[in-house]
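Two complexes are shown next, each including subunit A; its partner changes from subunit B in the first to subunit C in the second.
For the complex of A and B:
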């Protein structure tokens, strides 16, 4: 049973700062992933005022895909597309990704709301995914 | 003599220094470098500016250091190297680099920094690496300025840097000549 995930960090102007596909990929859904996440952003906006927590759990469903969201205090959204339900693991994954994102922000050469291109960031996200999601 | 320098440095750090939050200092330095990069758009020019700034800091800093530690005249250039590493760096950055790689004529040495606090959280963009930015080049200027106040003309350059992928940071200090009671030329 191969599980696939699509993880994206969306900035305050709704453009993606970082995207990655984790696990085995099925070709047909690559463009669909971006579309699903984008459509779910409105629901994130609604849901974030219902709760004081950062982790918003699953806010949307599209066919087989669940969309989970985590909103940082600076209104950057961490979105995860997943098929299996795993609230706790996903929460831990989001928390650690948030810390990674904070470290990126602390880099003086990084401009907030620009795409994150660091290789080191990419490697670490993949390691976290391996740790929590697989 | 070496053991003495180490204790002098640690005592001075503990008792005679006012401390500030490290992160404030690191982020201030980071924004300084980024602003220079944006203004000059040429990494060699940025390196030169950082060195100049360091020079101006160094000429003033050395008097501050001498006032706090009441050191005597150094017996030779190797003693000077030890003082820079064990007292100077300890007092202002709370790190002690290792002094190694002495040249045959004892006029050049290397300072190996295992961990440079200015580098925390920083990651250089690929272009900065290929174009030769030395992020902490201000340290080279500080050493050069301080030694010039002590009547030694030196060349101080960075040769390796962890931000560029090397395993340690290395600064090479070369004594060019001893100055005889001249007013040192300031280059601003």
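For the complex of A and C:
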């Protein structure tokens, strides 16, 4: 079962703060992932005003890929590209990633809306992905 | 020397830990009075360090003598016309007896305090936002400030909220927690004026919370009698 995921955190000015590929990757999709997520940002904006929940489920589809989004109160978007449908697991993954993001924010040396470069963050995201998505 | 990041770190830590039951980071708790003590020291330290860096650095370049003597001497000579009598001695001695009337100094302190509050506010908003529900209406956000943020920081809510529904909100707190332990010799207007720096930090915090929701604002605070203070929020952006 080769399930692959692409996870990105997008800041308020639409630039990515963190990106990672989880699982086995196919070569041709590396650049495509960024394009798909970027295009889906508009749909996130639309869906955002439809509901007041943080987790907006699957908002877009591109060929085989589904795009799911989660919007934090300060309008930072967590986006996940996935092939399989797993709403609950993805929601839990997003919630835990949100908590990780909060911990990053609490670091006074981290300026919001700048790329997250901490290795610890990277390791923890991978652990969460292993826990919920695989 | 305190720098804004260390100060923000401590303030963040205290703000995040000094509440019961909402802590997901292992239930460590800090005595709430630590925040009050921090704040009173914060204002004082920032004033002194701003004074030192602004006037200390100008005079340090002028003399080769040991810093203390040179600094004090050069300061009295070169800066006497600029400074009020209150700031004549070295910072270690003056303490807080003389309130610097130097408005330029206080303006710098205002900018720093407000900026620190802004950074804290942004993080507070994200950390303590109501879970799984996003606030869209500006009035809702202001109510969130009045109820949740005030409850977190001061363990009580804002007493009175007024709005003209066109972008101006007035928040009135009749027993502002940080003022409860302050008293001036003559009371009244003089004490209120000296208490001004202590409400600049909450101004910044309110502005930070609103900014994190995308609402650009200008927040002004004033106090008429000591335990009472009023914050006026003016929405600047067209959202």
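The criterion applied here is as follows: the second predicted complex is superposed on the first by the 134 of 134 C-alpha atoms of A that agree within 3 Å, B and C clash if a C-alpha of one lies under 4 Å from a C-alpha of the other, contacts with A are read in each partner's own complex, and residues count from 1 in each chain.
One rule holds for everything that comes next: a contact is a pair of C-beta atoms (placed from the backbone, for glycine too) under 8 Å apart; a residue touches a chain by one contact, two chains touch by 3 or more.
In this text, all values refer to a predicted model and were calculated from it rather than measured experimentally.
Trainee: Which partner chains sit in contact with A:106 here, subunit B, subunit C, both or neither? Use first/second/both/neither.
Mentor: Both: A:106 reaches subunit B and subunit C.
Trainee: Under the stated touch criterion, name the partner, subunit B or subunit C, that contacts more residues in subunit A.
Mentor: Answer, by number of touched residues of subunit A: C.
Trainee: Residue by residue on subunit A, keep only those touching subunit B in one complex and subunit C in the other, then list them.
Mentor: 103, 106, 108-109
Trainee: List the residues on subunit C that touch subunit A in their complex, please.
Mentor: Residues 5-6, 8-9, 12, 16, 24-25, 119, 122-123, 125-127, 129-136, 212-214.
Trainee: Using the touch definition from the top, list the residues of subunit B that touch subunit A in their complex.
Mentor: Its residues touching subunit A are 27, 30-31, 33-34, 37, 121-125, 128.
Trainee: If we count contacts the way the header does, which residues on subunit A are in touch with subunit B in the complex?
Mentor: 103, 106-110, 118, 120
Trainee: Please give the residue numbers of subunit A that touch subunit C in the complex, ascending.
Mentor: Residues in contact with subunit C: 12, 48-49, 52-55, 71-75, 99, 102-103, 105-106, 108-109, 112.
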